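Here it is, the structure in full.
Order as written gives the chain letters A, B, C and D; numbering starts at 1 within each chain.
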Amino acid sequence: MSDFPLDGTETRENFAWFLQMPTRWIDNDSYGHLNNAKYYTFFENVIMTYLEHHCQLDTHSGPIRCFTAENGCRYHQALKYPQPVDVGLRVAKIGNSSVRYEMGLFAEDTDSVAATGFVLDVYVDAQTERPVRVPDNFRSALQRCMKSD
Amino acid sequence: MSDFPLDGTETRENFAWFLQMPTRWIDNDSYGHLNNAKYYTFFENVIMTYLEHHCQLDTHSGPIRCFTAENGCRYHQALKYPQPVDVGLRVAKIGNSSVRYEMGLFAEDTDSVAATGFVLDVYVDAQTERPVRVPDNFRSALQRCMKSD
Amino acid sequence: MSDFPLDGTETRENFAWFLQMPTRWIDNDSYGHLNNAKYYTFFENVIMTYLEHHCQLDTHSGPIRCFTAENGCRYHQALKYPQPVDVGLRVAKIGNSSVRYEMGLFAEDTDSVAATGFVLDVYVDAQTERPVRVPDNFRSALQRCMKSD
Amino acid sequence: MSDFPLDGTETRENFAWFLQMPTRWIDNDSYGHLNNAKYYTFFENVIMTYLEHHCQLDTHSGPIRCFTAENGCRYHQALKYPQPVDVGLRVAKIGNSSVRYEMGLFAEDTDSVAATGFVLDVYVDAQTERPVRVPDNFRSALQRCMKSD
């Protein structure tokens, strides 16, 4: 596992790959900020997009699915529509059938981190939904997404 | 009101302004396509983004809010994550306090329209929530978004 | 098709079957009301729940799927969390492979209709996604959900 | 903080208050299970509903708002529409301006826990959005929601 703090001191340099996601009006809740549950959608999307681009993950008909076993988020500063969010990703640990991802969310043109979080995914066979070894072509792409302190 | 067909024969040329929106994994429902309710989120976002960029709409603290009085959608072809959606917009009618918008959704790099729809919005005062005349600076920007057959 | 007005004069008596749906905090948008796109989720859920209870629709592994071809909504009065919503349903027309549903949304303990809408669904084969005739066991349950003026 | 395990060994008896939440078709994602982000919506709703019923929390115009500082979830068994979810709540710790809640999600008529999670909320003034002491009327209701091993 990485030794990054996963707190409000994280910087853009601590993440290996970025996806900018536009926000939507309904991402905000009645308090005028992005609702906390939407952060997990951003986490999910940056992981899937990385795997689609670098490992040819096919979520619709491929042999592999990624099921979430655990996730969590710390909220440091509010984000809100219409500001786009830069979602930073790093791979923290590659296990036999599981991968731990860590994310940092940054408001566009802002250096201080708005939220930090992690997702622990288990790779499963699309048919049986039983855990499988993370495939080799995924491993090499995942390793390129690791950062060291 | 425009005399466009608002059906499966609409083309990209029939729309005046476009916003590309990335899709998210949870936009798809269990049938593996974008869920019908999400199309209305795309409609809402293209309208708001146009107004933010061209009329300085401030959804958070501005004096004007747009409330939806009626909307509708026809689904011609399935859309699905991870394909981004090009959302075409045209203004069909500018009334005293209401505006009718018409939209066409296109899969990226595709000419045939996947969905067509309309939104009838009423402009209201942010404090009283009572209808107000569409402001002049909005009118000129809205007119630039009209198309004639 | 039914000759009901589908406007702000609809009453609870005009609908044949009701489902009460609790609202969720994130159903509200920043304006403090249920977001328009969420109404379509309520429409979808009342239809599916009726079919699950009365026609044994199995959305996960059954032979039939319902794809939406067109839908629309008129918003008469705002609804908002935490008030539950009573969703009224009637079947307006049963075609060969399509069914038109009409809905009325009512705030709990309120007689005036908050929103009215319709959904035109096409029944398709779950494997081929091609239209099929509405099955007989669905037809009898759907007829019991029709109302006459 | 409570010493409950917050893992797959949690039972219904470990929680002090329950809210049953119906699921919606679009809570499921393309893999046919409730999407992970929706669990946080359930967490949020059980907390808000408890506070509305027992502490007269008024999310729309009351003097207090609850902002989430941190949350997390462990997924033990899949949940899916159309099965309702029983959401169990206990208060784990009441601080000066923060409260830690712990939740267990159970499929209806099922004893084994499907997911466990926590939310750390900070109580803020609705106007200034600055932390405030958890009000006394909230404290007594929150204490009644605590469980001891």
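Some notes on this structure:
We take it that contacts are C-beta pairs under 8 Å (C-beta built on N, C-alpha and C of every residue); 3 or more make two chains touch, one makes a residue touch a chain.
Please read all numbers here as calculations on a predicted model, not as lab measurements.
Remark: among chain pairs B-D and A-D, A-D carries the greater number of C-beta contacts. Comparing the CA-atom centres of all chains against that of subunit C, the greatest distance is found for A. Shared residue numbers account for over half of those found at the interface formed by subunit C and subunit D, and the copies are therefore classed as meeting with the same residues.
Between subunit A and subunit D the centroid-to-centroid distance comes to 23 Å (mean Cα coordinates, whole Å). For this pair, subunit C with subunit D, the centres built from the Cα atoms lie 30 Å apart.
Averaging C-alpha coordinates per chain places the centre of subunit B 36 Å away from that of subunit D. Taken residue by residue, subunit D touches two or more other chains at 25-26, 30-32, 35, 37, 41, 44, 59-60, 81, whereas all remaining positions touch fewer. Put simply, subunit C touches subunit D in their complex at residues 21-22, 24-26, 32, 41, 44-45, 48-49, 52, 59-60, 80-82. Across the complex, subunit A is touched by residues 30-31, 35-38, 40-41, 44, 59-60, 65, 67-75 of subunit D. Against subunit B, the residues of subunit D that register as touching in their complex are 25-26, 28-32, 35, 37, 81.
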